[in-house]
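Single-structure report; data block below.
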Amino acid sequence: MSSSNPLVVTASPHLSTPDSTPRIMWTVVASLGPVLAAASYFFGVSALLVVAAATLGALVTEFWFGKGRTLLDGSAMITGILLGLTLPAGLPIWMAFVGGAFAIGFGKLIFGGLGQNVFNPALLGRAFLQAAFPVALTTWPKPGGTWWELRGDNLALPLMSAGATDAITGATPLGLMKFEHAGTPVSDLFFGTTGGSLGETSALVILLCGTYLALKNYLNWRIPVSVFAAVAILAEMLHLLDAPRFPAPAFMLFSGGLVLGATYMATDMVTSPVTNLGSWIFGAGIGVLVVVIRIWGGLAEGVMYGILLMNAMVPFINRVTQPRVFGTGRVTGVR
Amino acid sequence: MTHGAVEPASMTHGAPVAPRARRPVAPREDLLRGVWKENPVLVQVLGMCPTLAVTNSVANSIAMGLATLFVLVGSCVLVSGIRRWVPDQVRIATFVLIIATFVTVADMTLEAVAPAIHKSLGAFVPLIVVNCIILARAEAFASRQSVGRSALDALGMGFGFILTLLLMGTIREILGSGTLLGRSLFGPSYEPWVIMVLPPGGFLTLGALLLVVGWWRQRKAGRAVPVNEPACAPTVGKVA
Amino acid sequence: MTDPAGTGQPAAADVRTSRLVTTLGGLGALAGLLIVVVFRWTQPSIQAHKAEVLRQAINEVLKEPDSYDTLYLVDGKLETEPAAGLDRTKLEQVYLGHRGNGGSVGFAVAAAEPGFQDVIRLIFGYDPKTGHLMAMKVLESKETPGLGDKILKDSAFIGEFEGAAVPLNGVKRGSGKAGDASQVDMITGATISSRTVIRAINQTIARLGPIMDAYARNATQ
Amino acid sequence: MGELTWIFVSAMVVNNFTLMLFLGLCPFIGVSNRIATALRMGAANTFVLVMTAVCVWVLNTFVLVYAPYLRLISFIVVIASLVQIVEMVIKKVSPVLFRELGIYLPLITTNCAILGLAIFQTSRGYDFLEGLSFAVGAGAGLTLALVLMASIRESSELANIPQPVRGTALVLLIAGSLSLAFMGFAGLLSSG
Amino acid sequence: MIPRFSFRHGVHPPDLKALTRSAAIRRLPYPEEVILPLRQHTGKPAKAIVKPGDRVERGDTVAEADGWMSSPVHASAAGRVDAVGLWPHPDGSFAPAVRIAVEPYSPQAPRPRIVPDWKGLTREQLIEAIRKAGVVGLGGAAFPTHVKLSPPKDQAIDVLIINGCECEPYLTTDHRTMVEYPQRVHLGVRIMMQCLGVRRAVIGIERNKPDAIAALRSSLPGDIDVAVQPLTVKYPQGAEKMLIRALVGREVPSGKLPLHVGTVVQNIASVATIAEVFETGLPLIERIVTVTGRGIRRPSNLIVPVGTPLRYLLDACGGMTPDAREVVFGGPMMGVAQANLDVPLLKGTTGVVVLTESDCKAEESYPCIRCGRCLDACPVFLNPQLLGSLALAGRYDEMTANHLADCMLCGCCSYACPSNIPLPQLFQAARVAIRQRQSAA
């Protein structure tokens, strides 16, 4: 054998799944392409500006404070894009940038980077923005218009407010339901012709992309399924109780960020339980919190907080849902 | 009221015990110790509750800082003054009594003099009673040292506390309202970061400050320094 | 230690106990004295300030009356002088404003309701003769700065309550029918806070309105 | 009834003592590194909170109407004695429980959550049942925050936390995130 | 839901057996020397009874068993003892070995019948004969077979399980044995049943070996209760506990042995070897190995003498390709990579896999992203994610509390890990550290 090609000695197993962490991450990034395209179809260039700014904020922070090559694993990219998708189209892009930076800095790097964080960084960034700039974050431009038209004051100077804009804004379907008891046709929700954040408009596109990821086992299908099931069951029970007061399950499922949240945010591997039983509990918990916040809370939308709160529960869930080790507990066939 | 079980041992990793007067300590050292080297909040991690709760504006920070300074100095001087007459068993009880008295006085005075600020500080003025800084200094320093040294130490600690509150208040008011002491800094179109005046903003600001302090100390030491573990809990272990 | 009966101890303990008691007692007495002195000294200005705040609020919501009376709610009736033995501070109070010519201008009523973050306290002026509100002022709220706290700061919103007919009906800004006096335009983005204000007023009117109406009728008769 | 539920929910999550009002931070920072400890601390706190609510109601109703200036002093004395009595009772009744809780009980005396409860209960004029509901809600909220923080800290012990963040800074930053998440409960049960 | 004829969790690595699946077993010429390590089995190493210069015939004992949990070693070729001393061992260490310079041009004729005929022997005599023949488990762990066949008296055994899964990718040793020597397998089963006194035997074979299933089924003896059961293709189907679970639905309690649930598990190669030993009268001196992988020019299934140097074996298969990177003893999932080509083949070596650069997993590992795939993979339901983190933090006591002892080091977790974290290695290191601490205490 030639000396230029020495043998290597590694620990077993010597085979490994073709999936690698960067591959999973970048596949998720790619699967967000259609969602992004849909967002830009509805909200024009503003959608791309906002997402790009959030992503840039995330990447710059990861590069600056992170350790060298961690940009390549793609996780900061996902955080940035997902954060961007939860924002309204008319947001000043400096806010999106700040959100991305916060998401990575305080959501991820302080815990030691990839894999160590407790809260979904994108949602933490979103919650930060929501708390910091409540007005800007609840100004929802209506979809439509020409592609090049800005949907609000995207280009406001850093630290300055959006100022007076002439963009046509409208309430989200959930806002309409909560504050004016006005419904929105479910077909509009499904195809995306309603007001709302960039990524929450078209349930159809998100579900398709999510199914693709689930088939590749890049997301844990149990989580979205249990979220949807919990929301549907609870909503149906309430709807049967008092139909005029509580909206129908279909509306609850397809309005707001539920589809995006359940598919892309709740399934973030780092911040969801590692056990399958835990995943069911986690998803069901999110579903219940979403319904509780939407119906009895002061906010129209509860997906973000539902997921963040359950993120906080994850270490606890992991602890109590440890699998029963083979050959312990109730044992079959002992003689 | 005295609790015998949790006695001295817990003190070792609590608030730094004042050095027994082996060599004469310069008054300057007594005074400056609390400002930076043993800053009650940033280094000893005491008195978190007011540091987080009332620092959403500079005015509130100053008022809270002054009230605490008043109680701190008053209590420490008195504690030091009567330390020879107070039996050990009722030591803590008398401390608490003294502190509560001073706090009541401060509370009423503030309400009479500056009702607006008193209202915005709310329940946190009476809560000075349970501010660990005061008990920690009374117990760790004033009950063993002369009146003069106790006064200097209390002043230093109080100033350190005020400085930290002021730092927090400044950051939070500038970012959160775009103002400093109520005066607008950036003009009308500034977008305030509302979160900074909300509870999460308090946690995040102090967390970030401690992070910077940790980073700075690490850099200065050039190696890993012992983590600044919270000192509050072990210290108050002595109290009851 | 060598004394099993502990006969050596009690004497010492006695001394100590007495000392403990005197120390604590003495300090307690001193503390009490100090507090009472400060209390005596500060109380007048604190009370004066409170009264002033209340007076200003009543002036504002009753449009500067020349004087006002404090009425106490006793057994579903308003009385100027509750029977002796009742603790006035525990009774619900409303304030009746008067013009110089002796005519009443309306009642100032306090209301409270849980809002977005915590309880919102407010006071409003109500004219039983017309069944309309005179004005509304939020006294205390912890609503989100920049959003919910517009109920204190947004003059357009506060202005909505002047002359509004009860029960109020909150609508989205710009979407109400013209000429409906009961409509109040809610603050965009602070719907919960706006609604809390409206609900607080509506519920208080529903509870106290008839009582105030009755009192006003009796007074004019 | 609705009022009592609201008081409970408000004290537990909407205005969570620890995460929204910064009360009870000492145990939150000091004894939140193990779930088991956090649970016990939470239970002990809840117990003392409830006892305090009862005592404060008694004080407010029968004593402080005559001497309002003694409010603070009487509260702190009552709380301190209460903790002492609870400690002695537990020691007598269940030595096992005492061993488990013993070291935490003294800590509770200077826990601002207890005094805070007393002060809020007074300034809001809660009656007996409302005070009880408030205390139970506050206790549940404290326990929830403690357990969440403890479980997060337990898991982050295994994480590769950067050196300057370790210790109190990390606890505060996690608390900030938790506090952000708890903002989702804003307005719960009050939207009508 | 408990799957029938399988177990829960596990992984599905590519089986890669096509390289040698249909290559008939062939015999190699004798190498110039054979190296016989004294430690080729679980338990105490054997004691050498030859010295340099001694001449040995094929089948002569060169080392005697040292106690019950031990096994003798026999000369696998006729020749002269060259040295008795340290030599590179496939486990990476240097270990005592007997080196025999093989006599060139020797007919390699064995001494007649060293092992007696099995017919008419009592149970005890059979086990003694097996022990003397140096038979150990040929599935990899090399557990002395006579120990396994002598369960404690109070432990009733009711079923003998034969492991024909060969779930490791690449390897076809057992597969070819079943296809080419079905009669030998059945004879081995018969002898073992007699040793154990059981009336029932089940042969478990993964479904990806239909020809082996057919061959064994068509030759089933009519007079004893032997069944051939096809099993789901999944790694590690061949692990004892998984196999028992799949075939008879019993769960071996944590920390217990298969015999505690009334079973004894034997590898198919061991079964065939027992038959061969009694047929030929020779002790265990040669075995069948698969030499395979994309890094070898002529992948083959071979009968080779125990102790054949690896270098000779590779050369006999056409040598390694230029892009060969790693040589593994055993299968790719649990096998041990070799740093030295002078190591000899052991009794327990099931195969030699030569991996190329493109086969080797990436060397770079990423932080754990808590995807939970390792939990879904672990056949014994451990939480490898937690165990791995604890290992990295050096918190070994908590690892013990989290059932580190139940880990079989099967490698499923690491196979499934997208971040490429060497979990079995961490667990192994933790075990060593715990053992050291215990022995220090």
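Per-chain numbering from 1; labels A, B, C, D and E assigned in written order.
Operating definition for what follows: a residue touches a chain if its C-beta (ideal position, glycine included) is under 8 Å from a C-beta of that chain, and two chains touch if they have at least 3 such contacts.
Quantities reported herein were computed from a predicted structural model and do not represent experimental measurements.
Chemist: Going by the touch criterion stated earlier, list every chain that contacts chain A and also contacts chain C.
Modeler: Chains in contact with chain A as well as chain C: B, D.
Chemist: Work out which chains are contact partners of both chain C and chain D.
Modeler: A, B
Chemist: Which chain's mean C-alpha position is nearest the mean C-alpha position of the whole protein set?
Modeler: Here the chain at the core of the arrangement is A.
Chemist: Counting C-beta pairs in contact, which comes out ahead: A-E or A-D?
Modeler: Between A-E and A-D, contacts are more numerous in A-E.
Chemist: Could you tell me which chain lies farthest from chain E when each chain's centre is the average position of its Cα atoms?
Modeler: C
Chemist: Measure off the straight-line distance from the CA centroid of chain D to the CA centroid of chain E, and report it in whole Å.
Modeler: 61
Chemist: List the centre-to-centre spacing of chain B and chain D in whole Å, with centres computed as mean CA coordinates.
Modeler: 21
Chemist: Based only on mean CA positions, could you tell me how far chain B sits from chain E in angstrom?
Modeler: Result: the chain centres lie 68 Å from each other.
Chemist: Roughly how many whole angstrom separate the Cα centroids of chain B and chain C?
Modeler: Whole-Å distance between the two chain centres: 33.
Chemist: Got the chain A residues that touch at least 2 other chains?
Modeler: Correct list: 106, 110, 113, 115-116, 128, 131, 134, 178, 298, 318.
Chemist: Any chance you could list the residues of chain B touching two or more other chains?
Modeler: Touching at least two other chains: 93, 97, 100-101, 104, 108, 194-195, 198, 200-201, 204, 211.
Chemist: Could you tell me which residues belong to chain C and also touch two or more other chains?
Modeler: Where chain C meets two or more other chains at a single residue, that happens at 31, 35, 38-39, 116, 144, 146-147, 192, 195.
Chemist: Tell me, which pairs of chains are in touch?
Modeler: A-B, A-C, A-D, A-E, B-C, B-D, C-D, D-E
Chemist: Using the touch definition up top, name the residues of chain C that touch chain A in the complex.
Modeler: On the chain C side, the touching residues are 116, 144, 146-147, 172, 186, 189, 191-192, 195.
Chemist: Can you list the residues on chain D that touch chain C in the complex?
Modeler: Going by the criterion above, the answer is residues 6, 10, 14-15, 65, 69-70, 73, 124, 186-187, 189-192.
Chemist: Quick one: in the complex, what on chain A touches chain B?
Modeler: Where chain A meets chain B, its residues are 92, 95, 106, 110, 128, 131-134, 136, 156, 159-163.
Chemist: Flag every residue of chain D that touches chain B in the complex, lowest number first.
Modeler: Residues 19-23, 25-27, 29-31, 69, 71-73, 76-77, 80-81, 83-84, 87, 102-103, 105-107, 109-112, 115-116, 119-120, 123, 163-173, 175-177, 179-180, 183.
Chemist: Give every residue of chain E touching chain A within the complex, in rising order.
Modeler: 11, 13-14, 92, 156, 169, 241, 248-256, 260-262, 319-320, 322-328, 332-339, 341, 353, 355, 359-363, 366-373, 375-376, 379-383, 385-386, 402-403, 406, 409, 411, 414-420, 422, 424-425
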